[in-house]
Amino acid sequence: MAATLSLSNVSRVFGDTRAVDQVTLDIAPGQFVGVIGRSGAGKSTMLRLINRLIDPSEGSISFDGSEITTLKGKSLRAWRRDCAMIFQQFNLVDRLDVLTNVLIGRLAEHGFLSSMAMRFTDAERTMALQALDRLDLVPQALQRAGTLSGGQQQRVAIAKALVQQPKIMLADEPIASLDPANATLVMDGLKQINTEDGLTVLVNLHTLDTARAYCDRIIAMRAGRVFFDGTAAQLTDDVVRDIYGTEGLRDFNEAVTSTQRIAVPA
Amino acid sequence: MTATADFNDISPDDSVSALSKFEADFAEQRRRSRLAWAIGTVLFILAFAFTSWIGDFFKVTQVTMPDGSREWRWIIPAGIPRLGEYIEKTIPTLRWDTLGADFANWFWRWKIWMELLFETILIAFMATVFGVIGGFLLSFPASRNLSPNAWVLWITRRYLEIARTVPELVWALIFVFCFSVGPMAGVLAIGLHAAGALGKLYSEVNENIDMRPLEGVKAAGGTWFDQIRYGAVPQVLPNIISYTLLRFEINVRASSIIGYVGAGGLGQEFRTAMSFQEYTDLSALFVIIFVTVMIIDYGSEKLRHRIIHLEENRP
Amino acid sequence: AEGWKDDYQVLKFGILSSENEKDRLMRNEPLRGYLEETLGVEVEIFTAGNYDGVIQALSANQIEIARLGSSAYAAAFTATDGGVVPTLTTQKMDGTTGYYSIVVSRCDSGIKNLEDAKGKVHAFADPDSTSGYAVPYFNMVTREGFKPEDYFGTVTFSGSHEAGVTGVVNGTFDTAATYQNNAVDGIFQRMEEKGMIEPGQVCTIWESPEITSGPWTFRKNLPEALIEDVTAAIEEFPTADLEGYKLYSSWTVEDPNPDTGFVRVNAERYNWIVDMRAWIKEQRRSGS
Amino acid sequence: MNITQDQIAKARDRVPLAFQAPLQVRVRRYALWVCFTGLFCWCLYDFNISPARIWEGLGRFGTVASFMFPPYIWTSWAEFSEILNGLGETLAIAFLGTVLGAVFAFPLSFLGAKNINRLNWLRLSTRRGYDVIRAFETLILALIFIRAFGLGPLAGILAIAVSEIGTFAKLFSEAIENTSNKPVEGVKASGGSRLQQIRYGIAPQVNPVIMSILLYNFESNVRSGTILGIVGAGGIGFLLSDRIAAYKWGEAWSIIFLIIAMVYVIDWLSGIVRQRLIGKTDLAK
Amino acid sequence: MAATLSLSNVSRVFGDTRAVDQVTLDIAPGQFVGVIGRSGAGKSTMLRLINRLIDPSEGSISFDGSEITTLKGKSLRAWRRDCAMIFQQFNLVDRLDVLTNVLIGRLAEHGFLSSMAMRFTDAERTMALQALDRLDLVPQALQRAGTLSGGQQQRVAIAKALVQQPKIMLADEPIASLDPANATLVMDGLKQINTEDGLTVLVNLHTLDTARAYCDRIIAMRAGRVFFDGTAAQLTDDVVRDIYGTEGLRDFNEAVTSTQRIAVPA
């Protein structure tokens, strides 16, 4: 398959825990894949393996037929650029302005001197601005990233991912630290990129509803293994109970739980 | 590189205003940052030029060469080969076959030095105690967010500033006159300076605390003192302990030099050794102080980590 | 004697204030101006509060000439293995060129000499003081033939000359070591003048040999002519430029016995001080 | 709500530790206090700190302090220029000492930071190196430089610079270690090289910290710079110690006030620089 | 009326904003009153005025007939003890243990020395433990407050309020930073105190549903003024629209907004 991301028998061991355990997956181009699972199931680890922020203990990952796990130096950095990563905590540089943060997505193309001097070409700047524009952030372009709200910061992170001109977009719980309104903006942004640009998107999610609403395909992990792999429709209540286990489920007072907040005009 | 196809299809119509506004902002920001940079550079160069002129940094003068001839030279390169001279004098001759005797000869005054070292540490201890008491008590009225009123804030701040602005050595000179030679003058001098320095550090910590617990205490009917005791002190305590341990280390160094003007401790020995040209004594004293400071450094770091660790692992 | 000026186009001086001039502050600018004019070379003057740096600079050939206190001279002499020569020292109006270490007691205490003071409480000034500690200690051992620690009942440091004298007046100490320039000018005499103590209460019971005021000291490895020319120029300073000299020596109208100029000295006059330092160093080594 | 003895007993049964710390803790607490007080009192005794002595000293301090008023004013330019020159030298020593120290310390500090230099032996030996430098007394350093470069402020500048290398390298590397790894990971995930990670992820985080360390130490070097004059390494220190030695308290106080004023001005200026460069925001994170 | 809290014509001005504007209210003993309103409506300010954390610009507040606004020193502290306050962010001292945090509620009774030495009587300790017991927190009594979950912290704050033996309990958005499960526990706790001890409770709320579920009486504020004052039943949709205004209301993607998170077994 062209431009398919394949994991075969990938494992990653931390001390005694097998964080990711013999995972085999094929992800076709253009899919919007959601990964769900309990805390500690290995979702983050899997994404980090793909981006090569950590190395697998065994197994192989390949993209478009070429092996990823053995990349080094410049070609490793090129791969990281090709599969952009978005983090739960945004991982922006608070003290740099939004524009520079987005331009960090271009660093892989830069040599030593130009990057040390923080010099970017006008074409790159334009590209960064266009990306920001898609996410409605041009007015904030010169503000320091640390002064933005969480939702804005996450959108900056997406813009940064966009200027990497990636082939795959990985997102590790991108909305976990956002309020519902911002979460919607961010998920919509990802969906838009997926449909408009045809980018493959692989996103870890904590909230089932969100996964159901956005994803073409849902993968559930449990204790490092892939436990379910199918469409939202196939994800029945029984399956969910298996994924999350039943212990600790609490029945909430409905009145309180519905945090459909009264809209707070900003 | 082109600004690529991926983005070309985005119609810019609706964002023209935002983009052009950005262009204007960006140009403005660039202009301003260039200006600020230029001004900053000019000021820095001026300051550098002025101070290096005053400080003889680029002085060219007649120096005596090793062979006794006289040449006009820029003194820095001329002097660099001679940097080792003084150090060389302080290095004792240690031969392998007479190592024991050589060592004994090097540390010939070790009994007195140990006594003085002990005195030095005690001076540092006392000075730290006084400094912490003074600094701690005054740091609360000296914090903008905690001070009961503007007057108290102003007075305590000025007091702390004066206490720390005047160098320890000057306090020592003054106190040696007032309390005569001996460790007491050293304790007072270092203590006073430490109170000033710690008071400032502590009050900075205080200014960064979370005010909500204080409000919680206030809302329950607590006085100002209650708010400080229950709301502020627990928050700042770990920082205070770690600053205090750091200060103790600084005070050990300070009290090893303050004896130079007669305020007790090892500094006295330093001075005598210098004036009697007992060069190897200097290196021996250096070794003693270095080892002591290392041990204290290490110990206080362990202690600090333990405190932080205890903090984290409290049941 | 123009020869040395080619090699020594810049002369560097190091200046210390010496012990018996404690309340004088040197103003060196007039001297510098005068020397430049007279000698026709550049003169640079560096000041310091303590002799360690100046001695290092002398022995490292960094400065040519230093104005030192007597004990600083002795230290320099030792540090350079005799590589320095003294040429001039300060002379006061009454012709004296030095000062004396003394031991004082209360006149009404019945202690009239060192014998009487045996077993009593004695205070030295402070361990850094030449006249308040080193000189009396050295002389007591080498001339009077006793060790102060054993001879007196108690030996302490008072901290300063003034504190020693005050202690004697108040009875805290029976005897104290201090200094005087002559019988009418010294620490306790000055304290009497300023009303700090009642006149006539303090008597001198012992006096050391003269401690010659510190010399102008030259590196021995300088050209003879240079040493001679500079010495001559300094010697003439008071006559050639009286106003400048007065400023230099902080001359005041009230001073009954001001500095009036310089006289030649030779190394011999300081030999005993050099010996004294060697002896004290020796004592330190053996005493521990 | 009145509490009966009965209720207290019941509560005590249930959570005994709420009423009294465990024995071990109490013993440790008392032992600590006893040690501390014991040591303290012993020091008081050993250092001969008695109320009488304090009283007497305070009396003298009062006399000394009384010379503050009216402040001594230098009348002739010859005298005053000497003081100004001393102050200028002190300032030069502090400024150049700080700048030179920082220039050399900056690259060294990266060698000592755990998150940059992963070679343990190199990192630890670099750190011991900082310690050795810091252990040199500034006065001894001054003497070393006097031998090499002669008397005057240059020796003072270099003495301060060298001792600052040790201090700065230590502080900078701690600042580097205290940075958040998240931005670094962000840069890494975008394909940034190691140097780019440092430049974009770490540098923006440490720059303000380094800046404030620099400004703070500049100020405190003005103070250390005052003492160097005593050995002839330039600065106001000699002028001051000479005045004190000659009991010219009036003049001494005026010099002290000038030093204070100078530190104030520096403090004020560095406040402005800090504001401009770092912004009002969170310095103490 | 006995033990009634009355506000008459109370206003508070900050610069140009009239945060609270001519509010007149009577709150009878034993009522459970909810205060709702948009952000910035003046809810918090009103509560802080009652507790005298801030002073009114004009108007008078009285309790049981005696004037509150003029209290000073000791009697002001006694009043603060009488009307316990619970904050959105709990305002506990993280680094002190739970028991001491609760005992802070007793400080108003203590002199300088005993409070500086943190000395409390056994009776006070027992009282604190009893309060903690009511809120199921005895096992945590010796833990540091900072290590507790948000819901537990808020319950500690309630226990602290209880040992103050207050006459009124004020709560400023006590559940805004809690997850639904904990929010239920906290609201239940307040309700219980209200019914069992007969304490007056005045609580600011952001979520309409919660107010409807718990409160006897709902007061709505708008721009500093009391805009509605009645029972839950009287609070019709039209009224709500008036209170919150329609501007800026955003319709969220339902799937994202419903933050009924999958229960994550800890």
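Note that the chains take the letters A, B, C, D and E in the order they are written out, and that residue 1 is the start of every chain.
By our rule, contacts are C-beta pairs under 8 Å (C-beta built on N, C-alpha and C of every residue); 3 or more make two chains touch, one makes a residue touch a chain.
The UniProt protein names, listed by chain, are A, E = Phosphonate ABC transporter ATP-binding protein; B, D = Phosphonate ABC transporter, permease protein PhnE.
Everything numeric in this text was worked out from a predicted model, so none of it was measured.
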{"item": "Set of chains adjacent to chain B and to chain C", "value": "D"}
{"item": "Pair sharing more residue contacts (C-beta pairs) when A-B is set against B-E", "value": "B-E"}
{"item": "Rounded Å distance, chain B centre to chain D centre (Cα mean)", "value": "1"}
{"item": "Chain C-chain E separation of Cα centroids, rounded to whole Å", "value": "80"}
{"item": "Chain centre separation in whole Å, for chain D relative to chain C (CA means)", "value": "38"}
{"item": "Contacts with two or more other chains, residues of chain B listed in rising order", "value": "63, 82, 85-86, 177, 179, 182, 274"}
{"item": "Chain E: positions in contact with at least two other chains", "value": "142"}
{"item": "Per-residue multi-chain contacts in chain C, two or more chains", "value": "52, 56, 60, 62"}
{"item": "Of chain D, residues touching chain A in the complex", "value": "182-183, 185-193, 195-196, 199-201, 204-205, 207-208, 281"}
{"item": "Sites on chain B touched by chain C in the complex", "value": "61-64, 68-70, 72, 82, 85-86, 108-109, 111-112, 176-177, 179-182, 262, 268, 271-272, 274-278"}
{"item": "Partner chain B, residues of chain D touching it in the complex", "value": "39-40, 43, 46-49, 53-54, 57-58, 60-61, 64, 85, 88-89, 91-93, 95-96, 99, 131-132, 134-140, 143-145, 147-150, 152-154, 156-157, 223-224, 226-227, 230, 234, 237, 240-241, 244-245, 247, 256, 259-260, 263-264, 276, 284"}
{"item": "Chain C-facing residues of chain D, complex", "value": "78-79, 82, 139, 142-143, 146-152, 155, 229-234, 237-238, 241-243, 245-248"}
{"item": "List of chain B residues in touch with chain E within their complex", "value": "210, 212-213, 215-223, 225-226, 229-231, 234-235, 237, 311, 314-315"}
